[in-house]
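Worksheet for the structure shown next.
Chain IDs A, B and C follow the sequence of writing; residue 1 opens each chain.
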Amino acid sequence: MAVEHKTKEVTKNRTDFNKKETDEVLISFDEDIEVTGNEVETASKKELKEMPVIMSIENLNKEYSKGKSVLKEINFNIKQGELLSIIGPSGAGKSTLLRSINRMIEPTSGKITFDGKNITSVKGKELRHMRTNIGMIFQHYNLVDRLSVFENVMHGTLGYKNSLQGIFSMYTESEKEEALDIITELGIQDHIYKRCDELSGGQKQRVGIARALVQKPKIILCDEPIASLDPSSSRVIMDHLRKICSEKGITVIVNLHQVDVAKNYSDRIIGLNSGQVVFNGHPAEIDKEVIQSIYGTDFDDLITE
Amino acid sequence: MTALVERNKNGCIKVSKPSRGQRVLKGLLIGSAIFTVIGFFIMDYAGLDLTQAIPMTLDNLGQMFLSPSLNNTTWSNALWQVTITLSLAFLSTILGAVISLFLAFGTAVNLSKPWVSNTIKAFITVVRAVPTVLWVLIFAIAAGLGSVAAVIGMIFHSIAYLVKAYSEAFEEVDEGKIEALRASGASYFHILFQVIVPQTKSFLISWTFLRFEINFGVAVAMGAAAGAGGIGYELFMASTFYYDMQEVGAITLIILVVAIILELFANKLKVNA
Amino acid sequence: MMSKTNTLNVNEINIIQKKNLYLLLTVVVIVGLIMLASYITEYNHIEGVLSIPAAASWMASNIWFSSSTLANLGSVMRLLWETILISIVSTTTAAIFAVVFALMGSKLTYINKPLMLAAKIIASISRNIPVVAWALILVISFGTNSMTGFLALFFGSFGFLVRAFVETIDEDSKDSVEALKATGATYWHTIFKAVLPGSMPQMFSWILFMIETNIRSATLVGLLTGTGIGYLFDLYYKQLNYEMVSLITLAIVLAVLVIEAISNIIRREIL
C-alpha cells in the first residue's frame, strides 16, 4: 500500500529521476511512508505505541524576564522507546523546552518526572546522575574541535567519573571498547584519531550521536540535528536516530523544523506555537488544519519553501 | 576495525594520537615553563631587598589609594594636563587615521597590487618594531622635545596598527559589490568611497576609537618618558622629583578613571560594529 | 507617471544633500577638534611635517657605525638579552595568573557572580593603570633592578591577557561546554576537557603577542627605571652619542623582528 503510494507520488512529480535521487527527494517531500532501503519502520498504523511512560512534564513554564514567557503551561508524557518530534516555527520555544528537560535551562515553574523521580529541583550529584541518563545532540554538533573523534566520544563517560578521573582521561579498557563498538556501528571507525574539525558535518553529527550513546542514556534529546546538514547527510542521521530508537529502545526526542521529516520518522509529533502545545498526536493526523494551527500558514507553502 | 585501533606500551587503547601542532604546543608550554623558572634565577637582582621592598610597596600603595591628594598642583591644573594628554592622543590618532586610510587601500589585497601591498606591509613591520618612545626621542633630535616629536612619534605606531585593522576590514568586503561597480565603469576612487568606506564605516570608527584608547596610555607614557607634557609628566614629577605618594596616587586614579571611561566607550562601539 | 518620477528624483536629491551635509558637518567638527587639540598642545603642523625629513636624514647619517661604537656591541647585546628575558618571564608569569582570572571572569566558566565581578575589576584596574605608572611606583621601593621591570610588565600584561583570554574562552568554548555539561560532566571536566583544549592555542598566540609588545614596553620601562636596554639608550641619548643611539635602536628592531618571525612560525604550527 505504502509502496504503491510512493510510486504514484514519484511518477506524478519526478518521473525523470533515477532511483537514488528519488530517495533523496522522498526524504523531503513524501508524506506518510517508510523510507525504502532501510530495515527501519515507522509505525504506519494510526494508533500510538503503547509503552510505559518514562517522563512526564506538568505545567512547565519558562520566563526569561518578567512577563515574557517562552513556555506556557506545557503538559505531555514521553513514552519509553518512542521517537517524538517537536515541531513549530522558530521562536516557538522548541529549544528552550528541550533544554528544560535536562535542566540546561532552569524552568520557572512546573514539574518534570523522570523514571518515577521528580527532577525539577535536583542538584549536584543527583543532577549529574540525571544528565548521564539523558544524552543530547546539537545543531552545531558542539564537539571539542581540536580533540580526536575518539576523545570526543569518550566525553560521554565523564558523567560517571569524578573530577580527577575525568581530567586525567582515566577511561577503562571496557569503556573504550564499548565506545569503539558504537563508533563502528555509526560508520566513523576510519576517523577515530582525526581531529573533529577535519570531519564533514554529517560525520561530526555521528560523533555527537556516539558521544550521547556512550552515556548509555534512556533518552536522547536532539536539538535541530539536521538543520546544518545537506539532504543526504540529514537522511543518514535521521536513519541512525530511528534505528537507535527501534533497536535499542532508547527514547529519542527531536526538535525539527522540517514537517515532512518529522512525519516520516516519528511515532508521535508535538506541535509548539508561541510556547504552547497546540498539537500532540500521531504523524498521520497532521493535516492542513493542524499545520495552520502550528505555523499559522499552509502546508503547501511550507513544502515549496 | 581492530586494525585501526592503536595501543600504547601497556596494551591499552589510545584515545588520541596527538597531531604535530598539538605536540608542538605541548613542547612550547613545557619549554616556557622551564624558561620562566630559569629566568627567575638568572635575572639581575642587584640591590634588591625583598624584606624591605615589599612592605615599602604596600605602604606606598596604601598612601596612594587610601589618602590620595594633590599637594604640588591644583585640581584644575591636573584636569588641564589630562586635556593635554587627551589632545596628544587625539591628534596622533586622527592624523594617523587619515594616513592609514590611504595606506590601507594600498594594503588590502582585493584593492591593490601584490607588490604595493607587500611593500607597505614590510614598511609597517619595521615601523612597529621600534618602540614608540624611541620614535619620539628620535624625532625630538630633529624637532626638539615637545608636542611635535610626541605626536609624530606616536603617529607611527598608530599607522602600523590602523593600516592592519583597516585593510583587514576592507578585505572582508563582498567581492561581488566591487565587481558590480567595476563593471559599470566606476573609477577606482569611486569604488573606494562609494562602496568600501561606507560598507566598513562602523569597523573603521570602532578600530580608530580603540586606537585612541591605546594612544591615551601611550601619551601618558610619552609625557613621563619623553617630555611630551600632560598628565604623564605630572606623574613623573610627583614620583621622581617630589617623592609624593599621595600625589602619585591621585594622578594614577585620574588616569585610571579616564582610561576606564575610554575602555567602556570602545567596548560599546565594538558591540555596535 | 511623470510626476511620480519627479518626486522620486526630488527625494533622492534630498537624501544626497542630507548625506553631503552630514559628511561636511563631520569633517568640520573633526577639523575643528584638530585645531583645538593643536592649540592646546602647542602642536605645529608645519614643524611636524618638516621633522620627518630631518629625522630621516639624521637616521641616514648615524647608521655608519665607527669602530669605537661597535666595540660597545657586547654590552648592548647583554642588556638586550636582559630585556628580552624580563619580557618573556613577566608575560608567562602573568599568563598563569590570567588563565585563572579569565576562568573566573568568563560568563561560561565563572564560579559565582561576586568572584566574577572581583576578577573583572582587578583585571580592569591592572590594565588601565599605564605601565609607566606601575614602573614609577615600583622603582621607588624595588630600586633599579630587573624586579621593577618584571613587576611593571607583569601588571600591564596580566590585565590585558585576562581580557584577551576571556574573549577567547567565550568565543571558542561555548558549544562544547554546553555539550559536556549535558553529559553530566563536573565543572573541572568542562574546564580541562573542553575549555582548555579548545582555547589553549589561541591563548598561546596571545602570549606571543604580549611578548612582542612587552619587549617594546620593556624599553620604555627601562628608560624610566634605569634598567635593561632602555637605560643604555637613555645614557647615550643624554650624552648626545647618536651613533650609539642608532646602534641600540637597530638592535631592538632586529630583536623584535626576530621574535615576531619566530612567533609567526609557532602560530602556523599550533593554530
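Just a few scattered comments:
In this text, a residue touches a chain if its C-beta (ideal position, glycine included) is under 8 Å from a C-beta of that chain, and two chains touch if they have at least 3 such contacts.
Chain-to-protein mapping (UniProt): B = ABC transporter permease subunit.
These figures come from a predicted structure and were not determined experimentally.
Set side by side, the interfaces B-C and A-C show unequal numbers of C-beta pairs in contact, with more at B-C.
The most distant chain from subunit B, with centres taken as the mean of CA atoms, is A. Remark: subunit A and subunit C have CA centroids separated by 47 Å (rounded to whole angstrom). Here the CA centre of subunit B is 4 Å from the CA centre of subunit C. For subunit A, residues touching at least two other chains, in rising order: 146-147. Multi-chain contact residues of subunit C (touching two or more other chains) are listed as 201.
Looking at the complex, you find that subunit B touches subunit C at residues 20-21, 24-25, 28-29, 32-33, 35-36, 39-40, 42-48, 52-54, 56-57, 60-61, 64, 83-84, 87-88, 90-91, 94-95, 125-126, 128-134, 137-139, 141-143, 146-149, 151-152, 217, 220-221, 224-225, 229-230, 232, 235-236, 239-240, 243, 245, 248, 251-252, 255-256, 259-260, 263.
Only residues 1, 4-6, 12-17, 19, 22 of subunit B touch subunit A when the two sit together in their complex. Interface residues of subunit A facing subunit C in the complex, by the touch rule stated above, are 102, 104, 127-132, 134-136, 138, 140-147, 155-156, 158-163, 166-167, 208, 211-212, 215, 221.
For subunit C in complex with subunit B, the touching residues are 30, 33-34, 36-38, 40-44, 47-48, 50-52, 54-55, 58-59, 82, 85-86, 88-89, 92-93, 124-125, 128-133, 136-147, 150, 200-201, 204, 207, 216-217, 219-220, 223-224, 227, 230, 233, 237, 242, 245, 249, 252-253, 256-257, 260, 266, 269-271. Only residues 146-148, 150-151, 154, 169, 171, 173, 176-177, 180, 184, 189-190, 192-193, 195 of subunit A touch subunit B when the two sit together in their complex.
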